[in-house]
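Two complexes come next, and they have one chain in common, chain A, joined by chain B in the first and chain C in the second.
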Partner chain A sequence: MTNARKALRGVLGVAGFLLVMEALGRTGIIDPYLIPLASTILTGAARLLTNGEFLSQVGVTLSSCAIGLLLAVAVAVPLGMAMGTVPAVERSLRPLVEFLRPIPSLALLPLAMFLFLSGEQGKIALIVYTSCWPLLINTLYGLRDVDPLAKETLRSFGFGSYDVVRLVSLPSAAPFITTGVRIAASVALIVAVSVELVAGGDGIGVFVTQASSGNRRDVVLAATLWTGVIGLLVNSLLAKAESRLFRWHRARAGEEAL
Partner chain B sequence: MLEISDLTHSYGAYQALGGVNLTVAEGELVCVVGPSGCGKSTLLRSIGGLLRPTGGRVLVQGRPVEKVPDDLAIVFQDYSRSLFPWMTVADNVSLPLRRRGGDRRSRDTAAMEALEQVGLPAAAGKYPWELSGGMQQRVAIARALAYKPALMLMDEPFGSVDAQTREDLEDLVLQVRRSSGMTIVLITHDIDESVYVGDRVVVLSKSPATVVGDLRVELPEPRDQIATREHPDFVHLRAEVGRLVRGMRSGGPAAAETGAETGAEAEADSPELDPATAEPAPVAPKA
Partner chain C sequence: MKTIVSRIAWLWILPVVLVAWEVSTRAAQAVYFPPPSVILARLHELWFSGPAAHVFLTDEAAHHLLPSLGRLVAGWAGACLVAIAAGIALGRSAVLCDVFSPLIHFFRSVPPPLLIPIFMTMTGIGTPLQLTAIVFGVSWPVLLNSLDGARYVDRQYLETCEVFGISRFRRLTRVILPAASPKIFAGLRISVALALIMMILSEFIGSTEGIGYRMLVAQSELDVPTMWTAIVLLGILGFVLNAAFLRFERHVLTWHRGARKTD
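And then the complex of A and B:
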């Protein structure tokens, strides 16, 4: 199936879902007061585009995500590299990572709010914490998966271990690290909005809370819709960048899903 | 050029090399054959300084191998893993030259020259994975050539290509050797190949490997895929090497020693290599 046809199927699926929801609402099977009509949500979403308050809240959420993500990359990628290249480092840090990783980030919210002066800082701290894991794990596996023969080839020409990391390990782990960034970006958005919903401050989550207390379910859903669209856009942009930058990786891995 | 004496290596309890003795003169093309799993690659990695053998000595150009020797290049069997997929063919070929310094332009020129030598100047801007297996191995050979090593080690270099490509690559190696005069040690499990390409064929026993045969190949030059292979001497040598590889005439310690230590100077060119090899006794480990 061609890409265009695949995309068309996807559009048809979404349109079908919206039509069904609209029909269920109009026929009264679903009370439009509880869940607004699809058309109401869509027009509400379109109206949000000119809503300055909403746009500035989106800006706050996105900048928290960006700052958090950058900090996470700065921490997790070097750490993952150390763990992926030096077995002793991996063995000593692994249990700690395995323990910390499954802790739901929201469970750390009270601690973050206590430790950091502003809510914004606490939010960023939680984004860093949560998005570190996919980055760390992907970097670690990317480096551990570097073909030993590729490293040996470079060694056979007399290159030292620093050059092997620089010329072989990093480029060959780069696609994995980039995938880590993409996953971390989705996670960052989820954590940001969750923290805003729970702890307030500024951001999309706060906008949603306010709309909800004003009993504007259509606005709540319209804002939620945009959050989903933002997540989707960020993910697909990064995925596109990945496949463009690392054409060699896909060509080599064949059908490997990215 | 290369002197190996009493080289042993064990992986834990498993002994791969049981005392290998081998001398290779400057400009020689020596093929090392042996049954699979006999420690051929271990031998090559010890020469290349990629592995520290548990015993014995390896001298390259008179210097003991402690780290990777300066003037040495290795061509591995698995070209698809040994070439870097994120670099173009030209960048792959010029990469080892970075260690020697020099500016980018001179590296690029050297890479182009090497690619011309292997008949692939048109592939310079492509990526390795866009090429066929045989072409990729040519690129790997070009990378070794660009480095202009005094000693080139080839580990089963044509083990992963089809028969026709294999013949082309064998001829390429012969041609490269003629034009550059470099010393080449080629490891293979293919008996025909070892006789066709080599000036000398060194036969290793099953592990723990020792040298059980060292035969000088004197076939008319230049070698030709058809004419050489039907030459009576070729047929004869091939049978002899085949017997040695299968251990049918593998000798005791005596055979291993004479075969190994006399090296190139030995009159080991005749099929009746050594009377001691007549008995089908298993190879006794060297005392």
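And then the complex of A and C:
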């Protein structure tokens, strides 16, 4: 009941926003040339669904994000595991991490444009760089949360440290790592479109640049709309997967940890 | 004393990396990776060899560094203040919260860089563009987190306020704001990184000044050491902002940790 009411209010909010924007545009309070009418943007968005060019550019952006994220997981999670289980490694690498992490990824874009001949590779490299930090930090955070009793129990039954990591540390850090993936995914999309806007190549950013140089604001905003929807979907899918896969975790840690 | 020494000793990796970088780039004659000594020399010459009266900043630094910093700080702080106020106002009303949440979630999911071309047609090139880009990028996560924080204030606190007849203003400053602050800070932390991204990107695309602009010029002129000085400056900027933010957060939220401990 309350959920239905909440959803209804949300729908009313969105509909109200669209109506207000439409009215402001039609009465000329907002110049429809500067910001196209809501109805124009929505029909433009519907038309983009059958636009093969747009769909393939979306595919390019999403696949570079996916590849970048996978590579980042492959690098950051084992590194985080090593840092989290061997204190000496953590203490040695920590200063390096603290110095590298705050470097804004886009500051490395001109360098990436030199290093990688194809824009696609440069884009993926920057996505890997950006995504590594939330993954690494969340892995470390998760490992700190491991129940020491479980580790000691396994050790006293004669399991080696590899088994302790595999059977205890990794599973109990898994929810945190997934949260890291979710955070990394949203940053990856931002970095991907930024690179496309500056360096060109292929992707949503390039589609938007072309549309805006043709002065098609309605197309720019329609493409932006779809990108927002994709971001929203990816985020809520990952959040849903998180809470379903790790129901035990939420029960133990409460809402706060998520 | 001993802890300070051991803490500094654990920084051994930084000089090791710098020396390894210096030696290997000199040996390999890497074109795109100048040795740190070259970068430092250029950093000094280009940005910090000015007169003492100008805090050693060169004209170049005054022309590119200061506008970037000013816009970053002004845009970030302005957007955060407005977003926190709006978020708390919305969060205190269940109806408004339900009505606006989906919209805010949507705007939060739009990658802000995509709107820069649109902003550019409205504001032209220059400071207004940078400010718009930073404000838009920063607002949504801060708004969303403030709203969330203000929404779930322990009902007991609010009822206590009511029983003791505490004024609305004091209830806001003494109960709601502190209760929401951990969430607000989570939003602010994300916003610092986003503000930096939007600053650099809007300077890449639509500017004639600023660190980002200078960096892209150096890149197109194949002036690799100058490009690296910009990377170093932006890295330092990110590091300092992050450290300052963490310190501020720790200062403000000390009571929070204390309160949690006694639970």
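Here is the rule we go by: the second predicted complex is superposed on the first by the 245 of 258 C-alpha atoms of A that agree within 3 Å, B and C clash if a C-alpha of one lies under 4 Å from a C-alpha of the other, contacts with A are read in each partner's own complex, and residues count from 1 in each chain.
Simple rule for what comes next: contacts are C-beta pairs under 8 Å (C-beta built on N, C-alpha and C of every residue); 3 or more make two chains touch, one makes a residue touch a chain.
Not measured: the values here are computed from a predicted model.
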item	value
Clash or fit (per the criteria above) of chain B with chain C on chain A	fit
First, second, both or neither for A:168, with chain B first and chain C second	first
Partner with the higher number of touched chain A residues, chain C or chain B	C
Which of chain B and chain C A:12 touches, first, second, both or neither	second
Partner chain in contact with A:158 - chain B first, chain C second, else both or neither	first
Which superposed partner A:132 touches (first chain B, second chain C, both, neither)	neither
First (chain B), second (chain C), both or neither touched by A:147	first
Contacts of A:238 with chain B and chain C, given as first, second, both or neither	neither
Gap in Å between nearest CA atoms once chain C and chain B share a frame through chain A	16
Complex contacts: residues of chain C adjacent to chain A	10-14, 17, 32, 95, 98-103, 105-107, 109-118, 120-122, 193-194, 196-197, 200-201, 204-205, 212, 215-216, 218-219, 224, 227-228, 230-231, 234-235, 238-239, 241-242
Chain A residues touching chain C - in the complex, by the definition given at the top	5-6, 9-14, 16-17, 34-35, 91-96, 98-99, 101-111, 113-115, 186, 189-191, 193-194, 197-198, 204-205, 208-209, 212, 215, 217, 220-221, 223-225, 227-229, 231-232, 235
Complex interface listing, chain A residues touching chain B	147, 149-150, 152-159, 163, 167-168, 171-172, 174, 246, 248-249, 251-252
Chain A partner contacts - residues on chain B that touch it in the complex	48, 50, 67-70, 72-74, 76, 78, 81-82, 84-86, 95-96, 99, 127, 129-130, 147
